[in-house]
Amino acid sequence: MTDTTPTPESQSLRDWLLTDTPTSRRHAKFASFYKGWLRLRSNHMAMFGFAILIGLLFVAAFAPWLAPHDPYYQELSNRLLPIWSEGHVFGTDSLGRDILSRLIYGSRITLYIVTLVAMIAPVAGLLVGTIAGYAGGWTDVILMRITDIFLAFPKLVLALAFVAALGAGIENAVLAISLTAWPPYARLARAETLTIRSSDFISAIKLQGAGPIRIITRHIWPLCISSLIIRVTLDMAGIILTAAGLGFLGLGAQPPSPEWGAMISEGRRFILDHWWVATVPGLAIFTVSLAFNLLGDGLRDVLDPKDEKS
Amino acid sequence: MKALSVRNLDVWFGVGRDQVDAVKRATFYVNAGASFGIVGESGSGKSTILRAVTGLIPTWSGEIEVDGRHVQHKRGREFYKLVQMVFQDPYASLHPRHSVDQVLSETLQLHGFKDIDARVRGLLDDVGLGPSFRFRYPHQLSGGQRQRVAIARALAPEPKILLLDEPTSALDVSVQAEILNLLNDLRAEHKLTFVMVSHDLSVVGHMCEEVAVMKDGEMVEVMDIETMRAMTPRHEYTKHLLEASLNYSA
Amino acid sequence: MNLLDVEDLWVRFPTSSGMFEAVRGVSFSLGRERLGIVGESGSGKSMTGRAILRLIRPPGQVDAERIDLEGTNLMQMSEKEMRDVRGSQISMVMQDPKFSLNPVMTVGDQIMEAYQLHNKTNRREAKARAIEMLEAVSIRDAERVLRAYPHEMSGGMGQRIMIAMMMIPNPKILIADEPTSALDVSVQGQVLRIMDKLVQDRGMGLIFISHDLNLVADFCDRVLIMYAGRIVEVCQADRLHEATHPYTRGLLNSLPRLDAPKDRLEALVRDPDWRHQPSVSGLK
């Protein structure tokens, strides 16, 4: 069928993964996972985004080995060195710290924020949304009005208020962002639940005497999760930007932490004469946000159950 | 012995001014081991009866007796061990992310069976699907195969009564023949009682011994199959329905 | 001259596991007659109908030796010219009227818009014509229907409105893809009679795509039976019950019949050979 002739072993593994007649539970799981991966792989833009994120993960994991300098080491004699100078590829900032090293260490903070928010906000949204959608009636009304209240505030202002109340710092920033990020997920999960709830396969499992907890966790969640994952990846850019925004306003990561938003904030004083100090971390934020967006777009094609009939 | 008796069944949707009476004072009896058909046009309330009997629609009143016992509004697991249902659209009645194995084992588990592995294999065998289908997902199955899985799921708790809601109307005619044959075989083998809803009079004529005709939520006539074949129903509407279905067929 | 001649029509879709061929070298012609195309899902019958109008979206591909509409090859037309053909020379009625009518416009506005698109007239005349059209499809209360929205219509009414709309430009050919399968039996007959009358009165060609053998046998003049993207048999509709191909016979026998009860229905056994047999020509 294909004109490439792979080695026998890889051919058989491929066949094993692509079979329409899986022989065990695990086999079926692997096979459907592999097919999704093949779909994702055929989307070049998504793979480009995926590669950038793998790169980010790699950089964060091996930061001490990759960074040419100590990100906190100040050398005032070398302050504000321009881009491409000897030993400092991206130059140095106002305190003579190497910007490249700070970027590399900053990737850890970015990943930390992104992961924590991605673990808190969608899960909270999923819980609220599916319960509201499945239970209906008063539960729905109360939960959804609470969601509306959260939605009515501008994101950054609400996050600011939370951070102001809880105190500045990365953890509080994450918490604040999560608190502002969950309502859209709740709305999405509720909308999905409403359509799933009335479908025949839910009626069928009800006729087996299944209770609401089983129906929500085993039958509704798996269908909501894919659209949530897509939404989260698409929102990641916004989350990174909000975190950077908090950092920029001095309410997120505190100096001397090399958080990207905080770095821009420090650099803005010199933006006219020493543009790279603020621009380089800005470009990093831009790249990672773009990568998440591209991946999210690709995941939409793979995970959307509506396309699976074809 | 009556497997299912329904007396003065009213089913409605909505409240107050928006209330719509979907079924009005429907009364019918199905003997154990018999096959009972309900025909009517869309919106006549025929599927609604099945959904009310299973409890999927909670807004009903009247008397429903299954296997000699009164059915309450809240149904326990014993009820679902007795009564099961096969839905119209096999593309909608299977969870898109659950494999055949998951569908059947979860059902068996819910009904407290222990030897799940053997039973899943037995059920697949019953509905004419080999073991190779066990770990497939719905999107890897054809419409007929999906409907077989749905039938296997309905058979899992070993029910006595099977409610069939247009089980073949979404399928091709050749597949319809296979599914109808399968259902007849299963009925003989497991001594099942069928209540079958369909808009297709010839399908009901093939499957059932007694047929009820619904119109605008009311059961206008219950007749046996010979009356239907002889085209001698009492009610005008039934006559009209029979003629319409024969006019552009045969 | 025939209204339509289709020769060696192919419809292909690229998939991850190679090219999927939905229609494989089908040839037929259509005169001023009612031509039925029957087959099961996946036989390529709907694709054939859409391919004639070149309505297959990329990455799907349509190839044909020729699709001649009264001698002009549609395959060589630009997309702009095709749009003209679709509007005024060949019309199509789909299965479910709910998806073909615009839900936020009144029925009247939609019919009048369609009419004014093809004829340069004022609103008053468009309205008069619209009422005339609705009366032609046996809608009694035309004035009221004009003011109604599609969701207020029943299925049969909606389908009749669709047919009325498709008839406005006075097309030469009407392609009806399962026009009655979403309707109840009693309404079905009504819609068919209306369609039949319009086709007869105007001397149009009708391509009637359906899965229902008996319906096609009753309603059409000539029938093409499709299987796996090819035509396996062509016969006169009134002779359909004498069809010889085992696939056609199998389909006929698998139907339950009120007048001829039997204990077991005959299940269709598919011969893999059918797939490879060359397509039978439906050319005249």
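Note that the chains are named A, B and C in the order they appear, and that numbering of residues resets to 1 at the start of each chain.
Assume a residue touches a chain if its C-beta (ideal position, glycine included) is under 8 Å from a C-beta of that chain, and two chains touch if they have at least 3 such contacts.
For clarity, every value in this text was computed on a predicted model and none was experimentally measured.
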item: Steps needed, at fewest, to go from chain A to chain B via touching chains; value: 1
item: Most widely separated chain from chain C, with each centre as the mean of CA atoms; value: A
item: Gap in Å, rounded to a whole number, between the CA centres of chain C and chain A; value: 48
item: Distance between chain centroids, defined by C-alpha means - chain B, chain C (Å); value: 33
item: Residues of chain B defined as touching chain C within the complex; value: 41-42, 143, 172-178, 180-181, 184, 199, 201-203, 205-207, 228-229, 240-242, 244-250
item: List of chain B residues in touch with chain A within their complex; value: 51, 54, 56, 76-77, 80, 84-85, 87-89, 91-99, 101, 106-107, 110-111, 132-133, 135-137, 139-140, 150, 153, 156-157
item: In the complex, chain C residues that touch chain B; value: 40-41, 155, 184-186, 188-189, 192, 211-215, 218-219, 250-251, 254-259, 261-262, 264-268
item: Of chain A, residues touching chain B in the complex; value: 20-25, 27-28, 32, 199-201, 203-210, 218-219, 222-223, 305, 308-309
